[in-house]
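In the two complexes that follow, chain A is the common piece, with chain B as its partner first and chain C second.
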Partner chain A sequence: MKKILLACSSGMSTSLLVTKMQAYAKQMDEEAEIWAVGQDQAKKEMEKADVVLIGPQMSFLKSELQKEAQKYGIPVEVIDMVAYGLADGQKVYEQALKLMEERS
Partner chain B sequence: MGQSWFDTLSRVLVPIAGKLNNNRYLKVLRDAFMLAFPLTIFGSVAVVLANLPFLDKVMSEGALNAFRSALGVAPQATMGIMSVFVVFGIGYYLSKNYDVEAIFGGAIALASFLMLTPFVLQPEGKEAVQNVIPLDRLGAKGMFLGMIVAFVAGEIYRFIVQKDITIKMPAGVPPAVSRSFSALIPAFFTLSVFLIINIVVTQVFRTNMHDVIYQAIQAPLVGLGSGIIPTLIAIFVTQILWFFGLHGQIIINSVMDPIWNTLSLENLNSYMDTGKVPHIISKQFMEIYTVGMGGTGMTLAVVMAMMFFMKSKQMKQVGKLAIGPGIFNVNEPVIFGLPIVMNPLILFPWIIAPMAVTLVTYVAMSTGLVPPPTGVAVPWTVPIFINGIMATNSLAGGFLQLVNFAIVLVIWFPFLKFIDRMNLQKEKEEGSGESTRTAS
Partner chain C sequence: MMEQQSLEGLTEEQISFQLILHSGNARSKIIESVRKYRERQIEEAERLLKEAEQDLSVAHQIHFQLVQEEANGKQPAFSLLMMHAEDHLMSTLSMKELVKELLELFKTRNF
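== the complex of A and B ==
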């Protein structure tokens, strides 16, 4: 089970991407839990996740979230801008997988 | 070479944006205003119902007045005393942020604020009424004093708690009891500070803190914020931040919201009393007439142009993807997909269009062509036209948005067409097989 947390300002604009990523994971026959939250919840939800991806408009959150993520040993990265704009579920899902692999 | 200039600037901007976003006080302020949000919406619905345009045709005058006064308590109990919620919210969230017992922080902040509030009403030319709190002190008029007091009270409270100057109960005492005792000394100290301030101000200077802060800080700041020039500057900075891919509103609004919200409250109070709206610029002006047309930068017109008038695959695809969220004023797809971020070809319309539209809106409202927003809160996700009508309680408010939509379209069109032609060229080259990929 892969657990991917997406964070943006209120969790609203990222939710479209979540649906696309879930569709792609299903297509690949992989079990994945993907969900989006606003910036304030991100720190709390993080312990349940394997990787945290941040919407590019909130890139300035990275260093703060990274500090918190170290406790759980999970990677934090900003979502690729173009992939985010096009709601490219495959590309962002692969970005998440790659981050998880690098860490383990 | 242009790229490196962008990179440098964004390397400067990103940490500043991060600092502002994570600033303890701005964060607390943002959360405190969010606390009042559901209440504000409830009060707004009541105001909208009471002011539906056709009511005077279906109801007798007596029935209409009874209907209005029955609903009137709803906005008064919510937006009318908004400072109470903001003060409590600041005290609560600030304490929470410092990891001290938050509910006491909220209660102490509220009591401190009331400590400075005159419990007397002075009607003009009549005898003063004792033992009442004038409603406006708890609403728009007390907003800035409330915010200042709540932050100071919260800071004193958590300082004393963190210094560990508290009464400790032996183990075995129920936690709720020992908690209330542990808040005793911090509460005593904090409230004493404000009691002394109030004694000095009322007895020595023969005035009260409400009037002092209102005249010295609130009136000048709010007056400044209601002008068109500061508003255009705020929009300019928001657009620039988004151009670098940073959430502009989160940063600008946390500074401007106290001013814009106060203007809204003053508008609403006056609208309910007299039907007139004193300020053009307010929170609703910003939400409905700058964001409420497809998102930041008023991009619904841009998205539609991409869908219907552009020929390149890339633009059509982004247009189709962005139209759904765009109707509800979410526009990250077009900002990052077109892309607008760091795209020098887009910089001009991206900044000029919203400023031009804001100026047109301001002029239309100040000349009386279109009524300004009444102060009724409309969620920013309500689509264009509908939100304009709801915010101004007039059809003209919706039609003004359509004019604005056309202005955005005209300013953007040549730039979109230019990018479209470049995309077509690229797509043709890629399609012809001999892919001459340009690594950009």
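== the complex of A and C ==
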């Protein structure tokens, strides 16, 4: 089971991305738990995740979140801008998988 | 001069995401700018703020095109996501104005 956490300032835009990523994972017949939270919840939720992707409006928090994520040994990265700008669920899902592979 | 971003071929949803993307990039750079200033890297702080202004200008262009379309009689497709994208743009614009003034103030006070 792949666990992917998305975070943006309010969790609104990433909620929509989550729906698209879930649809893609289902299409690929892959089991994935994908959810979105707002900026304040990110640190609390990351212990349940294998990878954390954050929205561009939060990129200034990347190093802070990466530091926290070290505790759990999981990667934190900013969502690819082209993929985000087109609300491309497949691309973001693939980015998450790649980050997980690099880590393992 | 920044190229105007074409909205052609984009869905309503993608247009909202474009607005959030460019406003969001600006937001991050504005905060990083203040952090750099705090570390006495004043030139870097000013560079980041300038970049944020360019990102905001792209976002503003996108929004302006939508407003123009409406003025020309094309009924906009309203959604919470679009309103949320406007929130991003407007709050980041105010943030930029304020930070720009603050950095100038800090500079004159050798702060």
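In this section, the second predicted complex is superposed on the first by the 104 of 104 C-alpha atoms of A that agree within 3 Å, B and C clash if a C-alpha of one lies under 4 Å from a C-alpha of the other, contacts with A are read in each partner's own complex, and residues count from 1 in each chain.
Keep this in mind: a contact is a pair of C-beta atoms (placed from the backbone, for glycine too) under 8 Å apart; a residue touches a chain by one contact, two chains touch by 3 or more.
A quick note: this is a predicted structure, and the numbers were derived from the prediction, not measured.
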{"item": "Three-chain arrangement built on chain A, chain B and chain C clash or fit", "value": "clash"}
{"item": "Chain A residues touched - chain C or chain B, whichever exceeds", "value": "B"}
{"item": "Chain B versus chain C as contact partner of A:Met81, first or second or both or neither", "value": "both"}
{"item": "Chain B versus chain C as contact partner of A:Pro56, first or second or both or neither", "value": "both"}
{"item": "Touching partner for A:Gln90 - first (chain B), second (chain C), both, neither", "value": "neither"}
{"item": "Which superposed partner A:Ser13 touches (first chain B, second chain C, both, neither)", "value": "both"}
{"item": "First (chain B), second (chain C), both or neither touched by A:Gln66", "value": "neither"}
{"item": "Shared chain A contacts, counted only where both chain B and chain C touch the same residue", "value": "8-9, 12-13, 16, 55-60, 81, 84-87"}
{"item": "Of chain A, residues touching chain B in the complex", "value": "8-9, 12-13, 16, 39-40, 55-61, 63-64, 81-82, 84-87"}
{"item": "In the complex with chain A, residue positions of chain B that touch it", "value": "14-15, 17-18, 21-22, 31, 242, 245-247, 250, 317-318, 321, 325, 330, 332-339, 341, 381"}
{"item": "Residues of chain C defined as touching chain A within the complex", "value": "10, 13-14, 16-18, 20-21, 23-25, 27-29, 31-32, 35, 80-81, 84-85, 88"}
{"item": "Touching residues (chain side chain A, partner chain C) in the complex", "value": "8-10, 12-13, 16, 55-60, 81, 84-87"}
